[in-house]
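Below you will find the structure I want to go over with you.
Labels for the chains are A, B, C, D and E, by order of writing; each one numbers its residues from 1.
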Amino acid sequence: ADKVVFGTNWKAQAAHGGFYQAIADGTYAKAGLDVTIRPGGPQVNNRPLLPAGRIDFLMTGNLLHSFDNVKNGVPVVVVAAMFQKDPQALFSHPGAYRTFAELNTAPVAWIAKDAQFSWWAWLKAEHGFRDEQLRPYAYNLGPFLANKRSIQQGYAVEEPISIRSQGGFEPQTWLLADHGYSTYSTTIEARVETVQKNPALVKRFVEASIIGWVNYLHGDRSKADALIRRDNPDMPQATIDASAALMKQLGIVDSGDAQTLGIGAMRPERIADFHAKMLRAGLYKPGEVDLSKVATTAFVNQGVGVALARQLGAGR
Amino acid sequence: MTPPLLALHQVDKRFAGGTLALQGLDLAIARGSFTSLLGSSGCGKSTLLRLLAGLETPTAGRVERADDAVGNTGFVFQQPTLMPWARVAANVALPLQLQRRRQAEIDTAVAPALAAVGLQDFGNAFPRELSGGMQMRASIARALITRPALLLLDEPFAALDEITRFRLNEDLLALWQRDAFTAVFVTHSVAEAVFLSQRIVVMAPRPGRVSEIIGLDAPYPRHAAFRATPAFAEACIRVSQALLRASDG
Amino acid sequence: MAEPAIDHRGRWLTPLLSTLAMLAAWEAAVRWWEIPPYLLPGPLLVARTLFENFGSLLPSWWFTVKITLAALALAVVGGVLLAVLFALSRRAEASLAPLAVVLQVTPIVAIAPLILILVDSTTAALLVCAFIVAFFPIMANTLQGLRSADANLRELLRLYRATRWQTLRYLLVPSALPYFMAGLKIAGGLALIGAVVAEFTAGAAGRETGLASRILEASFRTEIPKMFAALVLVSLTGIGIHLAMQALARRVLGRWHDSERG
Amino acid sequence: MAEPAIDHRGRWLTPLLSTLAMLAAWEAAVRWWEIPPYLLPGPLLVARTLFENFGSLLPSWWFTVKITLAALALAVVGGVLLAVLFALSRRAEASLAPLAVVLQVTPIVAIAPLILILVDSTTAALLVCAFIVAFFPIMANTLQGLRSADANLRELLRLYRATRWQTLRYLLVPSALPYFMAGLKIAGGLALIGAVVAEFTAGAAGRETGLASRILEASFRTEIPKMFAALVLVSLTGIGIHLAMQALARRVLGRWHDSERG
Amino acid sequence: MTPPLLALHQVDKRFAGGTLALQGLDLAIARGSFTSLLGSSGCGKSTLLRLLAGLETPTAGRVERADDAVGNTGFVFQQPTLMPWARVAANVALPLQLQRRRQAEIDTAVAPALAAVGLQDFGNAFPRELSGGMQMRASIARALITRPALLLLDEPFAALDEITRFRLNEDLLALWQRDAFTAVFVTHSVAEAVFLSQRIVVMAPRPGRVSEIIGLDAPYPRHAAFRATPAFAEACIRVSQALLRASDG
């Protein structure tokens, strides 16, 4: 089997479930792949490892990183987008704000550093947020819980669960994707070289991952969860369960194009649309990013797994 | 009779290492007296001086120090013990600084103190730039600058040539007569002890104890001529013999 | 100073009492202002959490301790060697000191990826990071110590035509000891913090994780009492290392150096 | 040692040449192995990037420098005060030293949120963090220095019944200077790294940002040459601080201490 | 005539601070000779000794040192200069350690060296636990232990009592006759210089220079009885007068 190292951008969690599923139930093995997952973390930056050749595929949070790669001549390319919607969200205390438009009046916004250099710029440009609101979010809910008027960032499939258990209330979740933040998420990046010289490997990896995701969402995910908890021993099963439920409920993975073209689907028009928004937010200058180099649709949009999903009872 | 300024009663001093430096020592130092300590190297002279100054505590026995001795003591240590980071003038001025004298007062006191030991040109030097004898002289100037009531001197002139030494001997006696302080003087020079003192305490080693006390009744002021008198020579011989007895015993 | 030496029992009693007083004040503050545990848990709650999670924290603690001690050992070797080189040759110092400073001031966070690219094993990467954090104080202090050797003794050795190596062994190294020990006290803590920070950034994932991972995890999941339990372990380890260094200094300098008398 | 002192020109020439040699080796390595700039840019590219972005980096640099110097000043004041307290009273040391160690070994990352809740202004939070990183070496070294005062001089002052304050001023402080200077060299670098790390963890974005934000931003956006340009600025600042400390040590210890002779 | 072991030609020594310690100094030290240096405190004796040892370089003039003097020199500094971290025995053994002698050889050499200066019971002590005179004696033992061809002594016996001092004087002469080394001896004691030397160099201060050289032809071995001879007394008087002239001039 081909040895493959797959780097993620965070500690093991339900949002990585499909990949663990494909290991756990032997989908990768069946595709002739011996996959090792290398988790990332809050300050762990796996991204340089991909062009350096220390890992073979990389899970990336959103398309901005891919734009940056193209802009800076890093020879990597997106080969699949497992999440149709970015789970990136803002949270507020219940009843504190009525509409998304009001959030820019919050006195304090707990936002992590990386966000400050990406979608925060878009929120400022498009929705009137201000730098004065900024406080650094160190992935610790305490400060948010302590201040009822504050808002904070988070993953729609992660933070609400812990806010519920720690703060004892149901936060209001404002999914950025619902307000124009149209990036794909949890994309798979590969080196251009790999795509050109060994497309078969890429195809096997992408398709096995898709099957993994179908099975994780709709099949028996107990073995994948066990692997997740092995890599991240403090992750309780209840959180995984809640998270998986949220993924389905919010249509993070299996919605829109994915329902017809298969999980991982990408459309160049949507990438271009997102790019145009970021251009307006001032993150890029016109012509800096050659959009044709951002992603290849050669490995997705084939309807892989659609039948399996229906068979497992998706959508019921 | 007035009580002595300092008194040791049956004092023992044993160091942490186990050395018994002094044993069963009895000694009284009268106010205004000039006493010399003589004894072989390592017999406990410095230790005795440090007990008198209150820098060591005895392991047995009692050290009594009258109130007017405490805090008004000048001490010339066996080593120069200067502050390497301070210029010579600042080193000499230190006791006055510690007494919070005014700067003007200090400045007027330092220059003659330096001159008295022949260091008038070296007030601005650092201690490392002085010769061994000059360092000791700076240390002497420092001890004298406060006009202490009790002056303890541990071989102050050992590193000096005879001419300077003789001159400083006379200067010291002149000061003693003017200020009437109490002096305890450690030396290895029998002649020096005889020239200076009213009383010579001869110590015996292992463990350190008082072997003999020799009184000298030659009148003060004593000048260079005193060294040429038969009384002087005779006293020297008596003291030398006492020393020999002490080191044999 | 005039203050009498504390007797033997006092040596343990005072810090114990003061620590207890501080903990009591902390607990009282938490209760008085009703600070919720997700902001600042009281020491009792932290202690209980520590007790309950002890079994799961122990392996992490041990992992961090291993990295710390290894990094400290490396820092001692590297720092001392560099200091010796600098002390023997002003030229070497002039050429390499800038590099040492660059190493000291470069944020690990920024170069961790580079280290991960160059070094294969994560443990090795952690070691490198923790080493970088800890070596400079050893180097700087030892160098100052080697330089502070008594000028007269230096001349004595010159007179006997001692080789550089002999000068080092018989004069410079003993002279540097008080400085080295102070450096060691600093580096002991820094190696620990380096091991923790390195794990934050070069992160050992999976089974082999240290206290840093537990702190982050607990922090992300806002299990603040658990985070504090792990922090307390880090602190206790730091205090342990400090006490060990202090005992070592007392042993090494005890009988001859002014700093350890009385 | 036997080696002749380097002449005045050599003092500048040697580090310059060695630095140039290292840069040349770096450039050569990058070209020889064709290392792409997104992994490791060569020094020429970094220099060009630095030059091109100088205008935008300058305010960030200045912000970081301000935090660094302020933190260093605080560390000096705090570290020295604590050391003095400890030197004057073994009891105070026994009670408070554990706290100092805890401060040293507590990872900023973990306590930054707490600090942010307690302290309102971000700049103040940054200062607190950088201070925590920098104060310990000053404290530990100064303490060792205060303790190393010559026992004979100590007795001299006792004889004159010097007050604690006088003993401190006339004996302990000058005795501690060589140790303090070594501590200052360490703390100079640590204050810088502390300012950077603090900004990583506690810093806000917006107008008032330092070099850390630029490093992170460049890193997130894979503008590696720009990241290195910012890192180079950090390194140069560190070297500048180091040289300043060295000059200060030479001035302060020059005429009397063995470490600065020859 | 064989060339001298050491020779100074028109040597000037000016220190960084500006002090002119020596000026226009000419001096030759013959192989196997015993020379004493006398002169007032600060006149440059120690500086001269350090020039002879090669520890200082002259600011003008030339110092010639024969090959057999270099690296085979024993030096008793004016201060004890012991390593505070090493026990007395280790301090005394240092020169042998530096010559990489075998440990057994070192062990057999150290015990008699300590006994010769009366420190047989203090080999295990640390220097700080010794009295001032005992420290100097340790330093003397260290200088003698390698049986050097050239022995430079800077007031070695100044901190010792007269009895010990007399004994060590005789011991030193015995060694000198047995090993035929070259000795240069700084002292402030005229009697000591006369007792020991073939030649006494009297130095004048400010700037330091040679004032007179006095030859002494009393035969060796010289014993305690020599001190009682008229020749001894006469020589002492001659040297004292030379010293007076030097300090007046």
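The criterion applied here is as follows: a residue touches a chain if its C-beta (ideal position, glycine included) is under 8 Å from a C-beta of that chain, and two chains touch if they have at least 3 such contacts.
A quick map from chain label to UniProt name: B, E = NitT/TauT family transport system ATP-binding protein; C, D = NitT/TauT family transport system permease protein.
Computed from a predicted model, the values in this text were never measured in an experiment.
Any chain that touches chain C and also touches chain E would be listed here, but there is none.
A centroid comparison over C-alpha atoms places A as the chain most distant from chain B. Remark: chain A and chain C have CA centroids separated by 39 Å (rounded to whole angstrom). Separating the CA-averaged centres of chain A and chain B is a span of 87 Å.
Per-chain Cα centroids separate chain D from chain E by 49 Å. Shown for chain E are the residues in touch with two or more other chains, namely 79, 128.
Shared interface positions of chain C, defined as residues touching 2 or more other chains, are 39, 109, 113-114, 117, 150-151, 158, 200, 216, 219, 257.
Residue positions of chain A touching 2 or more other chains: 43, 45, 47-48, 52, 138, 140, 142-143, 146. Every pair of chains in contact is given here: A-C, A-D, B-D, B-E, C-D, C-E.
Those residues of chain B lying in contact with chain E across their complex are 15, 17, 19, 38-42, 45-47, 78-79, 118, 125, 129-134, 137, 154-155, 158-165, 188-190, 240, 243-244, 247.
Contact residues of chain E toward chain C in the complex are 50, 53-55, 71, 73, 75, 77, 79, 81, 83-86, 94-95, 97-99, 126, 128, 146.
Chain C meets chain E in the complex at residues 150, 152-153, 155-162, 166, 170-171, 174, 177, 255-257.
Chain contact summary for the complex, chain C toward chain D: residues 1-3, 5-6, 10-11, 14-15, 17-19, 22, 39-40, 88-91, 94-99, 101-102, 104-107, 109-111, 113-114, 117, 136-137, 140-141, 143-144, 147-151, 154, 158, 164, 167, 178-179, 181-183, 185-186, 189-190, 192-193, 196-197, 200, 212, 215-216, 219, 227, 231, 234-235, 237-239, 242, 257-261. The residues of chain A lying in touch with chain C in their complex are 11-12, 38-45, 47-49, 52, 54, 138-143, 145-146, 162, 166-167, 230-234, 239.
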